[in-house]
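Okay, structure first, notes after.
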Amino acid sequence: MLTLEFFLIISAALFSLGFAAVLTRRNVIMILIGIELMLSSANLNFIAFWRFGPDPDALTGVLFVLFSIAVAAAEAAVGLALIILIYRHFKSTNTFNFSLLNG
Amino acid sequence: MTHFPLLSLLIVIPLAGAVVTALTPSTRAGLGRQVALGFSFVSLALALVLWIRFDSATGTMQLVERFSWIPALNADYHLGLDGLSLLLVLLTGIITPFALAAPAPAARNRNIYFALVLALQGMVFGAFLSLNFIQWFLFWELSLIPAFLLIRLWGGPVRSAAAYQFFVYTLAGSIAMLVGFLAIFLATGLFDFIALAELGRNGELTAALGDRFSFNMAPETLGLLVAGGIFLGLAVKVPVFPFHTWLPEAYTQAPTGVSMILTGLLSKMGVYGFLRILLPIFPEQVQAMQTPLLLLAVATIVFSALAALAQTDLKRILAYSSINHLGYCLLGIFAVATVIDPGAGNNSGREAALSGVFLQVFNHGLTAAALFCFVGLIEARSGGLRGLDDFGGLRKVAPVLCGLMGISLFSSLGLPGLNGFVGEFLIFKGTFALTGWAAVLALPGLLITAVFLLRILNRVFSGPLNANWTGLPDLSFRERMTVAPAVALMFFIGIYPAPLLELFNQTVIVTIQLLP
Amino acid sequence: MSTTAAFIAYSVLTLVTLGAALAAVSLRNIVHCGLSLALAFVGVAGFYILLGAEFVGFIQLLVYVGAVAVLIMFVILLTRPDGDPQPFTFDRLRRALPGLGIALAVFLVITISIRTSESLRAGAPDDAGVSIEALGHKLVTSHLLPLQITGVLLTAALIGAVLFAMKEDNN
Amino acid sequence: MADHFWISHFLWLVPVVPLLAAGMLSVSGNSRRNRAVILTLGAQILSFILASLLFITVIRAQGGTEEVVRLAVNFTWFEFGDTALRLGLLLDPLNAAMLVMVTFIGLLICIFSVGYMSRDPNFTRFFAFLSLFSAAMLGLLVSNSLLLLFICWELVGLASYLLIGFWYQKPSAAAAAQKAFITTRIGDLGFFLGMIWLYRETGTLLFYDGGAGLLEQAALHGLATGTTIGGLALSTATALLLFCGAMGKSGQFPLHVWLPDAMEGPTPVSALIHAATMVAAGVFLVARAFPLFAATAGPDTVATALIAVTWVGAFTALFAACIAVAQTDIKRILAYSTVSQLGFMMIALGVGGVAAAIFHLIAHAFFKALLFLGAGSVIHGCHDEQDIRKMGGLRRFMPATFATYAIGMMALAGFPFFFSGFWSKEEILHLAQGWPASPIPFYLALAGTFLTAFYMTRQMVYVFFGNYRADQASSEKASESRPHESPPIMTVPLTVLAAGAVLLGLVATPAWPWFHHFIEGGAATLEFGKLFTAGTLGLMLLSIVLVAAGVGAAWFLYARTSLGTAERDPLERKRPGLYRALAQRLYVDEFYDATVIRFHHAAGRAADALDRFVWHGLVMAVSGFSVLLSRASQAVDRRFFNRGFDTGCETLRTSGGRVSRWHTGNIQTYLAYIGAGLVLLIVFFAWIQQA
């Protein structure tokens, strides 16, 4: 019998993996990959809660994920464009090379 | 529906042309332009076919194409042609090849430039033919994207700011309009222009709005709010004073061909909106707000003319002149809304004003596009200079250029015998008969227009020849062929406007009959 | 679907997804990372389908696997990462340790909270299939405004992306 | 009736022929000089023949009856809504006479121009413009519709603009052209408004339309009885608006400023357009619309609109004559003289004498064209010198020019008996004297008569008498720079015009007022007795005395003293203040510069500033609202932060320094903080749950 927590734990694992990538990898593309994973985990949460929620007919989770996917697509497009811009500017995709926010 | 979907074809041809042009190899210089011109001529030919197929004896929608599209929204794919649409379709058909043939930016990716112009034409055709809000709005908004890209990528030195201002400003107006239409949809479940006009005429629209929403407001106030939102969207596009500040910047920064389309076609989309949406669907509201609206129109006319007087950049002068001329259209439109005693039975004033507006729309599109083209030709020769004081005495070295541009300038200031006069005469005749004070207040605009247009003639063409331009070449054969049709049309319409008037006469009559 | 089958499917999907995700974040060759990411996305899509949201699953496949992952691959190839993958060293592991620790901590607190919540043990209602028709209807009625806004957002993102990535010919 | 009028089917040809010539010339190259001459002259001759035939037809049709012959051909231009907009052509004595005059003078001036412009590089273009002008002017005359008249009116303005600015390299010419167009357009706005107002009230713009026209009984009655703002009758209000247009075109005060400047154009243009024909268009308009102007007149009341016309005319007549006294440019003197004479025509119209006004118009056209062409001949002979102070003694060098110029001068000054100008002016004075509303215009006109004789004599003395002064002033190579007589192609038209200026007087003497009856109906009989009725005779004597006084005074002042560029004008020696004011044209231009033009520029700049700062600023303010907010919050933060430091808490400072080291600038570090924070938060919540 599959219960909600099965999925939530998968989701948590995905999130943490993504988060780890974001925290540790030095390549912006890797960071973006991490972010995508985190977003996926959030989406998975939505679907899971909707499926196991009290009112699956309301379709709220599904709709939310649909919009979220659209937003994620937009985010990916802009993010990747930014990466290309950054790459063109710094000739590198390594975050060590462009820490301009240094306090 | 048994007839061939000519109207859809008209929209599809330029879009297909855009794709083909974009894919044309850029190795052969000029090939892209030729392909684009070819497609634009095909759509012009199709527009002429429509004119032939069009029955000018009736004022109702013809060649209608209607399919169910989004049933949930009651949104149909609904195209139709009446005199107004046909007039604007013809204008679009004429202006686009004209703009394509005008001096194009010498940057790389010119094929993409031509493709975007064609795409823009497709959107404009769509907007002029759609009879359903959703569909119309789609074309209206989509037209922004090629326009934005054209300004942003091929414009002048501060193109970026101009493009963003243009885009954001128009988009903001559109959002107000969208909200207005959503309110209408929620109240009536309709998006169809014709059905809504029916409701608007009976006053049921206001009632429906009142039933659906309360917000502690009277239905009349709600109606005004909704009409106001739609007005905002249209007002930015035309533009109406004081929503015009994006325009001089955008027109100035855009490359020549795009300026021509912006002034010749995109501004007409706004006027078209006023005629197709605001006036038929919200007659009560326009009547209620007539005095302030007329004042806005007068302000548009007078202030833009005065502002043009203070400019030194030829394109900016023309941009303000464009606002000024569209002000006359607005004047006519708002005057038409005057409540007329049904017993009087004399609609001559309204008919004159509305016919004048129609004519002015066409004439201004033609003349303003031609003027921008001429400035583009001058710019191409001067290496980008276009200040009022950068030249002088050009008549000596370029008599043909100056002569033809002179004719266009005189057409713009409304010299009888050229196209500008007929429309302005009818607008003023009608407006004076309906709301005399507004016509009188707008009259100084005619004078100031003459002053700043003659200033161009005086400073640029006359006086001793500026030593920098002794080698300035006159128009080449190709350039003459570009502008000659426009100038010939100015003469033709100025002397014999009857064919154009006949084309939309029944539409004018029907439109006015449908007004309360 | 029987419980057993569902369970098997769940296990396989878990293995694939988490394995691919782990590979995506840990491999040194960034091209491999991108490919693994695509696989992880496929796994997530599988979860959606398992959960009865077939439509979303397909959308996930379309958008994430078909577009986003491909886009990422494009960018990876376009930016030509600085030389070969750097060799594994203890020094780099040491620098990554705080990050890994924090990620692990996050995973642990979340998992513990999940495990300790009684309310999450509930089974699913039986028949909760999604009718695409209903979904579409909702999209254009009650969710019309978000839909429109999403459209605007996508447009804006499109233009933004083009602008960012475009070569400036001046300055 | 119809058989008389076979020629009227060709009425439209009169303007169209020159229009075609203009069109053909404008697309042909500048080098085709012969073709230009042939086309222009051919078109002019054809138009002249047609006009003469029309004139004869009207005379024959009139046949001495009381009825005024009037033939209108109307057609639809276009339809809007249910309404057809109709235009029409008209033939009546008024425009038949004008047609002959315009085509005849136009022809002579074209011939003259062939000689005058022979060395100009833009020869062809000149004739294209001249033909365009003729076409527009003739169209104006034959139109039976206020709208068609307005259209031609504007085209006449365009032709005038093009011709004044013909020598576009001269900035002064370009400026003068612009000034002419703008000034007349100010008046035209009034015309335009009057026209659409009339259209609104009557629903037609045709003058005569078988009883339904604008100038026919039904419409006039409605207009005269309806009232508008200020209790004015509709007819009065609209007539006054139309008169604004006439004032602009005919250079009436205060819109006269463009006309003297228009002399920047080539001299034949000044002669044709700015002396003989175009400026008369305003007079013609008032004459054409006279029934409208006079609509409110009762048996013993004077129409309000006509009172205004009279006063404007009388004031202008005197005002311009005064200024003419102190000018030194030969063409400017004539220009102000034209303004003054147009004022006389307006007086005539205002006091009800349409025939008198038109007769003066035609006579004036002849002698003023003559004078201008004479002046052109002088300028040509003196090597493009226009300053009369540098001329002198020219009668020895240019006898033909001198003789014809003298005839023109005497006609203009109103020398008795043998000159048309005398009789036409006489009739105007006669009518003004009998005007019931006020005697003052009559006296103003008398003063104008005196001044006309004065300034024309002054000019004659300066130009033709004494010694040639350019010699002394400039150079030794006198023989080369000697003035010379002009070629026959220029002197022949002068002679013809001189003959016209004399002979025309025959048809409008009180003894045989043929012209009067031609215009206004009725048969003319020859009665010498009418010359000697008391009123006529007395007035004749009075004006002869005035003319003699004017000539005498000028001769007395100028002929006996030495003149020249160096010396001051004799009048200036006597009355320096007055002379300077007159020489500066009574500061009207300066006044306009300081008021109207400056106001316009200020308004333009204000509108521009409104755009740039207010509206644009508003947009920027709205769009930048969030930016402002964030700035504000940033400022608050900073101040708070600073204040923290200012309290001087050393510990805080060091810990702050420590904290700031966390700001590595690496986003990942920040994210790690967030992650840690998340963990702590959840632990914290769990702890709360427990507790």
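Each chain carries a letter (A, B, C and D) given by its place in the written order, and its residues are counted from 1.
Following the convention adopted for this analysis, a contact is a pair of C-beta atoms (placed from the backbone, for glycine too) under 8 Å apart; a residue touches a chain by one contact, two chains touch by 3 or more.
None of these values were measured; they are calculated from a predicted model.
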In terms of C-beta pairs in contact, which of C-D and A-C ranks higher? A-C
Can you compute the centre-to-centre distance for chain A and chain B, using the mean CA position of each chain? Integer Å is fine. 46
With chain centres taken as the means of their Cα atoms, state the distance from chain C to chain D in Å. 80
If you average the CA atoms of chain A and of chain C, how far apart do the two points sit, in angstrom? 6
Averaging C-alpha coordinates per chain, one finds the centres of chain B and chain D separated by a number of Å equal to 35
For chain C, what residues touch not just one other chain but two or more? 98-99, 102-103, 106, 110, 162-163
Where does chain B touch two or more other chains at once, residue-wise? none
For chain D, which residues are shared contacts with two or more other chains? 668, 672, 675
If I apply the definition of touch given earlier, which pairs of chains qualify? A-C, A-D, B-C, B-D, C-D
Residue ranges of chain D touching chain A (in the complex, touch as defined): 660, 662-668, 671-672, 675
State the interface residues of chain C toward chain D in the complex, per the touch definition above. 98-99, 102-103, 105-106, 109-110, 112-113
Spell out the part of chain C that touches chain B in their complex, as residue ranges. 136-137, 140-141, 144-145, 148, 152, 155, 159, 162-163, 166, 169-170
Touching chain C in the complex: which residues of chain D? 668, 672, 675-676, 678-679, 682-683, 686
Within the complex, which stretch of chain D touches chain B? 26, 77-83, 147, 150-152, 154-155, 158, 165, 168-171, 173-175, 177-178, 181-182, 185-186, 189, 192-193, 196-197, 199-200, 203, 600-601, 603-608, 610-611, 615-616, 618-619, 623
